[in-house]
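Before I ask anything, let me first share the structure, which is written out below as structure tokens.
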Amino acid sequence: MTYIALATGFLLILIGFYGALTNRNLLRMIVAFTIANSGINVVIIAIGYMHGRTAPILDATVSAADALTRVIDPVPQVLVLTAIVIGVGVAALMLVFAYKLYERKGTLDISKFAELKW
Amino acid sequence: MVNAIYIIVAALGAAFLLGLLKSEKRGTAYVITLFALSVMTWISAGWVWAFVMERAAPVDFLTGGTSPPFSINFRMGLPEAVLTLLASLTGLLSALYMKDVLCALGQRAMAVLLVAVMALTGIILTRDLFNLFVFFELAIISTAGLMLLSEDARALAAGFKYLIVSQMLSVFFLIGIIFAYHATGTLNIDGMATASLGLKAGGAIAFFFLFIAVVAELKPFPANGWGLDIYESAHPGFAAIFSAATSSAVIYAVDKLLLIGGAEWLPMATGIGVITFLAANLFALPQTNDRRLLGYSSIAQTGLILAVLGQRDILGDNVLYIAGGLLLSHAIAKAGLNWISGLVAGRELPDWAALRSRPILVFAFVTFIAMLSGLPPFPGFYAKWEMVRILAGEGRIALIGLILLGLLIEAGYLFRWFGYIIKREVPAQSVRCSPFQISAIFVALASGWALGFVWGELSNQYFGHDNLLLAIPVVFALTFLLLDWLPAWVKNSIAIVGLSLFFYLTFSDYDPLRMIFAIIFLIGGAVILLASYDSKGRRIGFYPATMLMFAGLILLIRATDTFGFFAAWELLTIGSYFLILRGKHSEPHALSYIIFSLGGAFLILAGFALAAQGAPLFNIDALAQLTQPLAPWVFLLLAIGFMTKTAAIGLHIWLPGAHSEAETDVSPMVSGILLKAGLFGLIVLLMTMGKQQLYGVELTYVMLWIGALSALLGNLMAIFQEDAKRLLAYSSIGQMGYALFGLALMNHLGWLMALMFVINHYIYKSMLFLSAGGVAKRTGTRDMYRMGGLITLMPLSFIATLIGIIAVSGVPPLSGFGGRWIFYNAIISSEYRLPMVIIFLAGPIAFLYLFRLIHTIFLGQLKDEYRKIKEAPFWFILPQMIYVALLLAFAVAPGVALRRVDTYLNQIFPGGGLQWTGTEISSAYGYWNPVAIMIIIAVIFGTLFAWLLFVNRKAQKVKQFNIVYAAERPYRPETTHFAWNFFAPYRKALGFLVQPFATRFWDGVTNTLHTAADISRRLYNGNGQSYAFHLLSFVVIAYLMRMGA
Amino acid sequence: MPFDWMKIPYSLLTLFIVVNYGFFLNALIQKMGARAGRRYGIPIWQNYVDMIKNYGLRSSITHGAMFYLGPVFRLSGGVGLLLFVPTIYGSYMFSNLSFAGDLILALYFIFFGTLGMALGAGESGHPHAAIGVSRGLAQVSTAELPFALAVFAVALQYQTLSVTEIVAAQQGGFLQWTLFTNPLAVAAAMLGFLGSMMRPPFDVVIAPQEIPIGPPTEYHSAYLALMQTNRAIFPIAKIVIYMNLFFGGASDWPTFFFKVFLIYLWSAFVGVVFPRFRVEQSIRWFLIWAVPLGILSIILV
Amino acid sequence: MKDELKIRVVKGPDGVEFEVEPLKDYYCEAAPTVMPAAYIKVVEDLFNWARSESIWILGFGTGCGAIEMRPLMTPRFDAYRFGVQWRPTPRQANLFVISGYLSTKTLKRAIRSYEQMQNPKYVIGLGSCTINGGMYWDSYNTIKRLDDYLPVDLYIAGCMPRPEALLAGFQDMKKLIRAGKAEGANLYAENFEWYKANQKRVIHDWDMPDYNW
Amino acid sequence: MIKRFLALSLLVGIGAIFVALMMSYEPDASLNLTARYYAENTASETGSANIVTAILVTYRGLDTLGEVTVLFLASSIIGLVLSLGNKQNTTLRKLVPVGELLTTGKSYLAPIIMLLGVYVFVNGHLTPGGGFQGGAIIASGMLLLLLSDPLKHFSHALISLVESLSGFVYVSLGVLGIVLAGSFLDNRILPLGDFGDLISAGAIPLIYSLIGLKVGAEFSSMLANLSEMEDLQ
């Protein structure tokens, strides 16, 4: 189970990277990165998963006393939350940049924005 | 002390607060921003104070009510305090600097700036891995945001490229974090370190990802194209933050990570660092855009620091001192340079000539590039010294070589740039700057010097070296910076008095050998400075440079340990470089001078470091105790280093240009005095280490050959010069060859001869350079064939030249003969026959160029345009006449100077000295009597002259065209003066010997470097996608290398 | 060897003898050259007459101070060179002023006159003078080389730089002469000797029809007379060094006259046989033929 | 006047312009003076003897007669044995042999060379052309009487005179010198104005100072 | 083609590293050191039922602060970019009128969505969800409003006020933690209350609500800005 999730996550990352490496369109690149981000989120969650356990919320079913044996690792969950938000922030930022770049040159082709080089 | 979290709080609070303000209230917003940054600065400064002055212990600050590893904690120690101070101060100054932009863009921009600085302090302070990631992301996003501050439209694309790369890095970082967490069960950095991540399953790969993600932020080669774009297009105020603060913070993050990874990852850090350092510096060579150049330099510097961090296994606690020195130097210098770049309108390097309108900015620029190049008295210098010392002690020679090579290349382009500033045409658009901007630069400047002092003190405290900024000669030299507003003649008087006074106060300190050098450096310098009275106005920059050179010279002979020696060596190199650069067309020559000198200096550094074997304080005399197999290598390095300064053949190509293009009163200084520094180095070297053998080759024997070839080829090349000062410069190469030869003979008389050459060469070369300089000043040209017939107009210059050439050529009765006589006596007892032949060949050749010098300038036909010129200025003539008197005196009584040295040399080479009976001087082989020679020649000459006067009493004085001309008359003086290509037949016969092989070789080296750099930097094709490719390749390659290792 | 006042008259005596012998020898060699061309040649006293005439010319011109001093330098160089070397071995009277210095002094003093003359010629402003000087310096710099090498080989051989001691070492039969103990050095020196005597094939310096007549183009009257006097002294002085170094010196005047004559004859002999070299040719000639001999002699000592 | 002798304005290295007048600035303007003989008779006699026994000829061939001078250096005639030599420069020569006809063009050079010789100096006119123009008596371009332009001490008649005649001429010249009668240089100095006037009459492009030192 | 091949080969390399990482992965059998601490002590130390929330707001509160700051930054930068655009030619687009269904639906749905958002972040310490989730839900409500009326202009001042004020209070609460409870972002500045109550777990609900407001405001501001940016074309 975990391995499948991990593999999925890694595959998503690789797909995202492949998309980012082969698509010249800025928006497609951004989407590709979003895919990669999802991939890493999957990986993080998968690492935290423990077979046969439940979410780390103490309620009627899981009391504070048996939390130790009943809940999965909460830390990756925390991390993934932060990672998602950061991913969103960066994605939004990239969109804005893409928009401004399009405004400037009327194209979304990344190879057209190579004035700075060497 | 204040909780370090308040640094974060202040920034964030202010940033959020800014949103509450109406968008019109930009002034208030700006004040709040400044206030927040000031608070951050103040808190960090408080901590720095606490750690430095009160020796406080590092403190952990907790969050979330639990202790680590279960919650995030901040740690404040000395490095953190210094770095947060650096980050927040840079932020504050940049905010000041960017006042206009920030106010124009409004509070959002200010908030972004605040968050950026906050993120950097967070990176520095946090001890939690994921928290580090968060701050990293904050830094990345705010960096991208701050790119919008730039007026450059291309900045957007640069920001986007950066985001692409950072997206990939985030992925790697997160993979690393989560697997590291999985392996160790903690996110705390210290926790991970104790859990030894690397040993856990998957730990190594997890760490690999962590490491790569953070290191990639340092813009390692080749995954750094995006960084350059940012540097090039960002607003300079922000580029300063990016370069100074961001790099520092990330480096510290790497340092923290290395704590987790442990020693096995250190080689990788070093490898990446060194490759980046070299590649970035190499690529910077063909760079013409100033900001991109700065970017390359920043990347290089961070690479260097990364490499140093990678050496922490052997650097131990010193890593703080070394990496800190390098880091702070880099940060201050880069911040300053970026700020300055905002004041310059043009983006090409030569446009920086605009700075000339503001000397303070030029001074700031010099300070900054000196800091970057690791020159004294800045922290980088101390760091460089200690680093090389320790590395050499551990036998990491290859690393030293690579680092020094990189430093040399960096110094090359930085000083080339400085050359543009000083020498290129001032562009139409002048420097515009507000008081805020100036003050930011000024703070950087002041802190640069202050840090120089601090590092000097630390060096004193930990390693027992002297603080260079407390050395009296250096202080004296630096005082001239403050006195630069005075008229030149006042400063000149102060300088002369200073030199003389220093000699008067210290002359009892020197042994006879050093006495000779002390006299030449101090008194000789004072005499040459007499000529400087001729210049009018304020002569900005001349005196600090001159006195810095003299400070270096005098510290050189006073140095007892290798550190002092090397520091003095670098000081005199810089001082003289500035001096040489003052010449009208000296830009390329000054550059090749500084590159060769620094190259030589680095060899010396390596040699000393190798010799010390890690000992912090190494006495020069202890060189004598070195044994095989180390000793010959040390000898080799030092000898080549010193021979660079004496312009031994092959390493000589910097000399002709540097000496001939220098100002009139500078040429004698650099030729008559500065060259002796190299000889002094050689003397010290040979005195302590004596003869050394490498693979069965006697090294002094090789030096003998080099000396002989220098003498021959230097003289030969001098023959074919049309430029008077160039001719003299080449002649110096030959003369130094003689001296080198004498030293390499390694016997009593050889050394005596070398010292005689030291004295003689000082006197006559100074005199000839002054004379030629005076003529050049009056005629406005240095081409000898354009002159001619000046004897009647400039009789005193003629007399000086005449006496000079008689002395140089060694014709009795003048003092040059003494040198030759000792020389013959020295070689007669030596076993080396073949090099002797070469040096024989060199002897008569000296005549050729000397005659040419005097003939084509003073004799022959006077040209139309020079019919009305006057004798050289009084202040040029005065020292020349002093030299004439000195030469005559020294010719009659060489014993005054030599006798004590002769006795002293008995300590080094017992026996084989001279006998001094009355006025006669004799050796085991021959004898001479200078007084008798002088009297006899004077009597014969006088008698004959009187006789001719009597016979010829009615001679009709005729004019220049009254010559027999095959029954015709001369057409014009230009066609009648036989001067150009004077020794054409000689060129036909022996011209093949003076093919510029060395020049071609070094040209080839630089061209290869340039071409290689120019081709390979096309890697950075500007396409963000390519940069992603680079990054992934970097990851894969690094992984493969890691696995391979 | 301390100085005493009697040295002065003794030196003047040497000078007197050598000047006269020089005038005689110059004329004799010239006459021998003429005879080789089937001419009768000049009267043996012709050089005296020429000198007197030149002193007797009524007018003279001067191009300036250095022009004036040139011949003085020249003759001082000749006289000094002669006096710095002991003429007759073992004789106090004719040891001249050699107490002032050794072989090295003599070697370097050779250039005194050359330099002064070159400067004087330079100030005359005549391009031919400058061309002559250029040629002369270029040629002499390589012609002196084999000589210097040979001299040093001799100094190494005898481990002294004192002329008297070198001569002393060669006493006891002609087989002790350097000529036989170190023939390579002598060969090198004698080839170099040709170059310094301004005779064919090495007389391109004064090439009379091409650059009439090189450095002294502008010299006349008393200047020329001084230089003529030098022409009498200088070759002899130089030959004395050769004689002392390579041919066992002379312990009395007849031997002196004979040896000097023979050495002088060597250059005259070559001179009448060979045509003229260009400068670069003679440079190459010395470097190819004479210098290797000198190097060999130094290495083999 | 030739361009190179015209007054020209030159700019010095300091930027100040000034005039250069070649004839004044580059040439000595002094006129020749009469040089007295040695004060003591015996000395002058000795000098005259030496002058006569050491005749240095200026080796310029000014006309076709020069062809007859070359054999004098050969073994057949060998003038050297009489103390006669050829010098390549006027400065060192005492005797100027005008060897045949003088065109006006060559006259200028002859005058210049003559003036550059040192006092005392002698002139021998070789061949009939120097006496009366000879076969060129009606040429517009040759001078007819050398004596009008330079003080001639001796003529050797003939067209051309044989080398033997030249040798005989030298011997006669020696006699003149020894007798103290060969004072052409002083004669020239005394009558400088007259000689110059004559010279300038035939030389139309006079482009040199009056006296060439 | 070459590019794709290069990309593929590089990714094969990266993938190989991933595979190596996966191969070495061994799932944990029991909670590790940190997780165990949280599982055991969260309830007693923070009084929060949702362990994730407790970690997020207190133990790793600094991360969260940073996270919020990331959004703040993003929205600030977007606003900055907008302000850089040339505002002169603000010509409004002619749009196809939105459908009746959407217009009506949104007026019913939007308040409920908003309310749901508030509920989610207020109960963050008890149930799954929290400030981020709630903020996102609020923002989705805003998105709905924007979809129904693309030309709608939100009050930037209000959004900005909410955004900044909540951020500022958040930071201030953190500082209060230092002052009152001894460390930054300590939730025990307020009484922990009864485990499982709405008003419990110290400052967690308060902070999480602030986060929810702030996130909602930030997302909204981003959306509004992006939409207005579109308008400018």
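Which chain is which? They are A, B, C, D and E, in the order written, and residues in each are numbered from 1.
Note that contacts are C-beta pairs under 8 Å (C-beta built on N, C-alpha and C of every residue); 3 or more make two chains touch, one makes a residue touch a chain.
Keep in mind that what you see is a predicted model, and the values were worked out from it rather than measured.
Engineer: May I ask you to list the chain groups that still touch, directly or through other chains, once chain A is left out?
Structural biologist: Remove chain A in thought and everything remains one piece.
Engineer: Between chain A and chain D, how many steps is the shortest route if every step has to go to a touching chain?
Structural biologist: 2
Engineer: Measuring between Cα centroids, which chain is at the maximum distance from chain D?
Structural biologist: Relative to chain D, the chain whose C-alpha centre sits farthest away is E.
Engineer: Where centres are the averaged C-alpha coordinates, which chain has the largest centre distance to chain C?
Structural biologist: E
Engineer: When you take the mean of every protein CA atom shown, which chain's own CA mean is nearest to it?
Structural biologist: The chain sitting closest to the overall C-alpha centre is B.
Engineer: Which of the two pairs, B-C or C-D, is linked by more C-beta contacts?
Structural biologist: If we tally the contacting C-beta pairs, B-C comes out ahead.
Engineer: Between chain C and chain D, what is the gap in Å from one C-alpha centre to the other?
Structural biologist: That gives a centre separation of 35 Å.
Engineer: Could you give the separation in Å between the centres of chain A and chain B, each centre being the mean of its C-alpha atoms?
Structural biologist: Computed value for the inter-centroid distance: 50 Å.
Engineer: Can you check how far apart chain A and chain E are, centre to centre, with Cα atoms defining each centre and the answer in Å?
Structural biologist: The computed centroid separation for chain A versus chain E comes out at 15 Å.
Engineer: Taking the mean of the C-alpha atoms as each chain's centre, how many Å separate chain D from chain E?
Structural biologist: From the centre of chain D to the centre of chain E is 117 Å.
Engineer: Where in chain B do residues touch two or more of the other chains?
Structural biologist: Within chain B, residues 130, 134, 137, 141, 144-145, 175, 179, 181-182, 187, 954, 956-958, 960-962, 964, 1029, 1032 contact more than one other chain.
Engineer: Quick check: what residues of chain A touch more than one other chain, meaning two or more?
Structural biologist: Correct list: 13, 17, 21, 47, 75, 82, 86, 89-90, 93, 97, 100.
Engineer: For chain C, jot down the residues that touch at least 2 other chains.
Structural biologist: Residues 58-61, 212, 217-218, 221 of chain C touch two or more partner chains.
Engineer: Would you please name all pairs of chains that touch?
Structural biologist: Pairs of chains that touch one another: A-B, A-E, B-C, B-D, B-E, C-D.
Engineer: State the interface residues of chain B toward chain A in the complex, per the touch definition above.
Structural biologist: By the definition above, chain B touches chain A via 130, 134, 137, 140-141, 144-145, 153-154, 156-161, 163-164, 166-168, 170-171, 174-175, 177-179, 181-182, 187, 225, 228-229, 232-233, 287, 292, 1017-1018, 1020-1025, 1028-1029, 1032.
Engineer: Sort out for me which residues of chain D touch chain C in the complex.
Structural biologist: Answer in residue numbers: 28, 35-38, 46-47, 50-51, 53-54, 56, 74-75, 78, 80-81, 83, 87-89, 91-92, 94, 118-120, 185, 213.
Engineer: For the complex, give me every residue of chain C touching chain D.
Structural biologist: Interface residues on the chain C side: 34, 37-43, 46, 49-50, 52-53, 56-61, 208-209, 212-213, 216-221, 224.
Engineer: So in the complex, the part of chain D that touches chain B is made up of which residues?
Structural biologist: Against chain B, chain D makes touches at 4, 8, 10-14, 16, 18, 20, 22, 25-28, 30, 35, 60, 89-91, 109-110, 112-113, 116, 208, 212-213.
Engineer: Any idea which chain B residues touch chain C in the complex?
Structural biologist: Contact set of chain B toward chain C: 789, 791-792, 802, 805-806, 809-812, 817, 820-821, 824-825, 827-828, 833-834, 836-837, 840-841, 843-845, 847-848, 851, 854-855, 859-861, 920, 925-929, 932-933, 936-937, 940-941, 944-945, 948, 951-952, 954-958, 960-966, 976-979, 982-986, 988-990.
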